[in-house]
Amino acid sequence: MGNSFGKLFKITTFGESHGVALGVTIEGCPAGLKIDEDFIRAEMQRRKPGQSKITTQRKEEDEIEILSGIFEGQTTGTPIGIVIRNADQKSKDYSHISDKFRPSHADYTYFEKYGLRDYRGGGRSSARETAARVAAGAIAKQLLATKGISVQAFVSQVGDLALKKPYQELDLHKAEENIVRCPDPETADQMIELIDSVRKDRDTIGGIVSCVIKNTPAGLGEPVFDRLHAELGKAMLSINAVKGFEFGSGFEGVKMRGSQHNDAIVKEGDQIKTLTNHSGGIQGGISNGEDIYFKVAFKPVATIMQDQDSINEAGEKVTVSGKGRHDPCVVPRAVPIVEAMAALVIADYLLLSKTNKLRDL
Amino acid sequence: MGNSFGKLFKITTFGESHGVALGVTIEGCPAGLKIDEDFIRAEMQRRKPGQSKITTQRKEEDEIEILSGIFEGQTTGTPIGIVIRNADQKSKDYSHISDKFRPSHADYTYFEKYGLRDYRGGGRSSARETAARVAAGAIAKQLLATKGISVQAFVSQVGDLALKKPYQELDLHKAEENIVRCPDPETADQMIELIDSVRKDRDTIGGIVSCVIKNTPAGLGEPVFDRLHAELGKAMLSINAVKGFEFGSGFEGVKMRGSQHNDAIVKEGDQIKTLTNHSGGIQGGISNGEDIYFKVAFKPVATIMQDQDSINEAGEKVTVSGKGRHDPCVVPRAVPIVEAMAALVIADYLLLSKTNKLRDL
Amino acid sequence: MGNSFGKLFKITTFGESHGVALGVTIEGCPAGLKIDEDFIRAEMQRRKPGQSKITTQRKEEDEIEILSGIFEGQTTGTPIGIVIRNADQKSKDYSHISDKFRPSHADYTYFEKYGLRDYRGGGRSSARETAARVAAGAIAKQLLATKGISVQAFVSQVGDLALKKPYQELDLHKAEENIVRCPDPETADQMIELIDSVRKDRDTIGGIVSCVIKNTPAGLGEPVFDRLHAELGKAMLSINAVKGFEFGSGFEGVKMRGSQHNDAIVKEGDQIKTLTNHSGGIQGGISNGEDIYFKVAFKPVATIMQDQDSINEAGEKVTVSGKGRHDPCVVPRAVPIVEAMAALVIADYLLLSKTNKLRDL
Amino acid sequence: MGNSFGKLFKITTFGESHGVALGVTIEGCPAGLKIDEDFIRAEMQRRKPGQSKITTQRKEEDEIEILSGIFEGQTTGTPIGIVIRNADQKSKDYSHISDKFRPSHADYTYFEKYGLRDYRGGGRSSARETAARVAAGAIAKQLLATKGISVQAFVSQVGDLALKKPYQELDLHKAEENIVRCPDPETADQMIELIDSVRKDRDTIGGIVSCVIKNTPAGLGEPVFDRLHAELGKAMLSINAVKGFEFGSGFEGVKMRGSQHNDAIVKEGDQIKTLTNHSGGIQGGISNGEDIYFKVAFKPVATIMQDQDSINEAGEKVTVSGKGRHDPCVVPRAVPIVEAMAALVIADYLLLSKTNKLRDL
């Protein structure tokens, strides 16, 4: 339980940080989709460690190997198996933490749940696991692209440095032009500087990733429990270090009056639109065709290069200190992960929506 | 798809706002649980309309009828079927909105998804559906009570009126002593006044419900996708009018440094504890035994007593105006719904956790 | 777990033999299907007790009440809730068996599983539960009818009295013209006589129900685990008293050589056909467009009007004897149940098949 | 959809006959189970091709590689990823069948379902896929062994050559002492001779595999739809070439009277037993602690070394003839597959049964 995501377009992952390999099985991708493997590789590059001075300097090439499900360049409708070997697997000595519970990591909770744990680099609880998601998301994105649907995430806040403009006033493609993945170059520079100074303090800091999904058709969502935003929220909250999710007007919306918040419906030419979009493209848990947008809050990375108090498996007081190479701020590398999970949700709900009306069967 | 929630302790609901009845089937409740039907009824009272001057004056008695699964006062392990008849069912004329799309309601999206819709009071998209959840949650709460686990929600913000103290400094039981369900009497009075003034403006306003779960054992959660907070988040986002979810340090946590945010682990007597609880009781998606706490953002109710621009099914411009009896602010009645969904998640994950270790089998 | 069936077109049932009511929630029925309630009622009549001299004389009117999901005569895409009240609920005294385990009933196994049990008429283990399936199946049948798909079952064997002709040589509609539901009038008479004599012996006897599904499109089935026949098999084996399932050539097919068993593929006009149909309309777990046919074996009913040795909950030796009104042979009433489950599987797989090809999206 | 099996102890497989590799992800195996990799390898040997003169002479070493989920020799509770590379992958020319539909294979149905297909050796529809199941089953067996539960299958019929004795009178361990896996040496010799003669005729023949599960505790099963035998039946029917499933008295039981068929319940010492076991160890869908036994019918292999009429993708008449190395009879190699699937079902239901009673929580 817990290693699968999705209903029709469904992924199942396995793998620990320092095991032999990570893997993902992708079910339900319709047959006849041309797969661009280079695109998958490019997405992996966006997530991989060591890509800039503000990310961990650990080296993982994150090479994917596709084992099934694609024949003569196209999906066949059968499950796509992908494996990503852990290059870094044996390079490290974990004896200094093998019986210690690192604060705000999952060491203690895994130990309590399972009675034992793979202590190497966090094992299954490591964010390394998200590499498998990005590979799967890259296939979902290719499916969505055939329908003109795009998913774009970007960093909108680091610490208390936040983007001031709404996303509509920004050129989101600029996000990929700097190492922090913020679409406003000036703010990006400040964010990079902040992360760098935090890193020098041997500390870490949190941030926010925003995401915009464009061109989703109206009608995606499965009320009452599997509302589109509920599934998006779950998808985001399943990413390591995430503490919050909001869509549309979000937490700020609670301060508004209904008369301000309601999105008036109009017809422009043949198209039904809303004048504002406080709904974030989703009403009653179903997409209405407007942009879907949401924010995801990431806490500061738990591994810091400072001494911290904790206990070990025997219940003795110990000191824990981060070693090696870690991210001072997770959000730049989280951008492709957020996109991947969003793409998986939309792909899944697109398929689910195909059987809603008798007249479409 | 979309009408079930949970994996082992699972509910499936049906019913429209103005259909014959709502219903819920509860699967997986262990056998031998003594059921207090009066407690279920009391929970229904907390959610029902017409309970105070700041809620809708609509009358629904929300009488439950238990059809199966309980024998001689105890659960038998078979599914518990509950039906709640709609008293108000035929009392209203909907012709004035039968072909109109109300702004920020689900009228348009349901119509796009299904090609037709039950326009009476929002049909399935109405928050009336949550009555079935509260009935099921009342059974989950009774299961949790046998393990000493409590779930308590309260209103922590209405508009921009927010509780200033952290929950630890409040007597949460006071929440039930006022009609807005805020545990600080002074703030409660202000909130009530605010909601009342908004109502007089023929408008609505949003708010935040906070929730604290105490005495959860360590080890609940199903990484990587079904992390405990991801499922809680989905549960909350599946409630009508919810726009955001955060747990522990939440969105504010992004501003913190790792050295501030990390929760030091200590042993107090026999018990392993954390000195702070920015983690919100969940690490790596698994409970650590500390209080689980989270916040849920509710938008202002979409039905306002004012004229609004919209279109009808034919695409013609129309004016829509709320009629009848509606809530000016949803959060007081949302408190038991948040609790019900939280209780369902914890009950489900408690069962799931029973097969984690070979030595427990 | 265990009270739901199906993936997209999904049912969830509740209810005990002598509880207040049975119920079923039907999810995933596409919107816009016109529902003929009289047809549902007619199907209920085919299953209900007391319909002939060779069935139990118990009286249950099996009146359905539709609580949701249908509006102005059409499905809306939201779940359809149906309740069937137990008229016979309080008429009986169960003290004579309340602590006894009836041989070959589920008394002992429910008691072991749950630690307690509803002893009234078998509780949830009673075949009365199938009434809810027949109601749901009647809706699935109406969906299939819009695609020209028909599902017809009939009794092909009682004891060792078996139909000699293959189904292709029989007029299957004649099955409904006699009380045993065998399409060959002469064999039907013999079967009726046999059942009647068994009844007079205060005994019971087994039988076989065969089923033919016509006009299924090619392409239904979800390999590798959810092969179409695997799901049909599970559906049938989930019916009370079923001991076996075979499709196409079945158990007899094991004696054949590949050269005899293989179905040659030919083109007739525009249509691809097979010359024989040992495959039973399913190859590799996917329908090929030929008739799907299968057989379901039912054991003799466990309740007999004779004294039997058993033990009670205290482990003491006791004598158990059937009382009241029971079926001497279950197959005549099982015919509509087999059809209902088959219709549910085909409806579900029809929906699932709609997202297989990119070009269909 | 369709590539996962199980609810708590769950497997997800991928892989085509002639793709890069097969794989399986095993979720829900409790933590702390010592894994004997040699046992997994031994099970793979029992299924692999080329093991005797009556199986295909194809060479596949079926080497497993465990990629995750096991640490220091024990399961950690995280998913176990296993990959099996296809050694034979590129050795063959498929141009002679690339556009032809082989009779009674899945060529036509996959093509209809997906619009294209991987024609190399049947792709996903090949029985090669079952290698992944055997690997997973070998882990389930090790879990069951800790509870004393054993699963043993054997060949009970080839063509019309059937074992005459009931399994209770046979030493089932002798099944592994001959190449056809029949526990009666004399019948085994006849079966081997029959298969060999069929092979020389360039033909194939069907058979039956029987299976006995011993020491299952009472209480396993999830009525009403997920009855233990329904899930076992589905598991078996999901294996390639299976046409039928029966348990306990099976199809023969339909001829019996209730007075003969009912299993009298007795207490022997502390243990509750039944005098006969027509129920096959399952009553009301729940195990009663007696031996669970069932039979699985396999059709003759579709690939024969003879010319057969068929059509190609263009609808033209063609001749198809088997080439290369194929099994003349599938049952000897099916024995470990039947055991694997049975072990997976029992492991899953064992876990599911752990939350039935409040007093066990």
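Just so it is clear, A, B, C and D label the chains in written order, and each chain counts residues from 1 on its own.
In this text, a contact is a pair of C-beta atoms (placed from the backbone, for glycine too) under 8 Å apart; a residue touches a chain by one contact, two chains touch by 3 or more.
None of these values were measured; they are calculated from a predicted model.
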Between chain A and its twin chain B, rotation from the CA superposition, multiple of 5 degrees: 180
Furthest chain, CA centroid comparison against chain B: D
Rounded Å distance, chain A centre to chain B centre (Cα mean): 26
Centre-to-centre distance between chain D and chain B (centres being mean Cα positions), rounded to whole Å: 45
Where chain A and chain D are represented by their mean Cα positions, the distance between them in whole Å: 39
Chain D, residues touching no fewer than two other chains: 1-4, 8, 13, 28, 31-32, 77, 110, 113-115, 124, 352, 356-357, 359
Of chain B, residues touching chain C in the complex: 1-4, 8, 10, 12-16, 19-23, 25, 27-28, 31-32, 65-69, 71, 74, 76-81, 83, 110, 113-118, 123-124
Chain D residues touching chain C - in the complex, by the definition given at the top: 1-5, 7, 13, 101, 103-106, 108-110, 112-115, 124-125, 129, 157-160, 198, 201, 203-208, 218-227, 229-231, 233-235, 237-238, 243-251, 253-267, 272, 274, 278-280, 282-289, 295, 297-304, 306, 308-311, 315, 317, 352-353, 356-357, 359
Residues on chain A engaged by chain C in the complex (per definition of touch): 8, 28, 30-33, 75, 77, 143, 146-147, 223, 350-352, 354-361
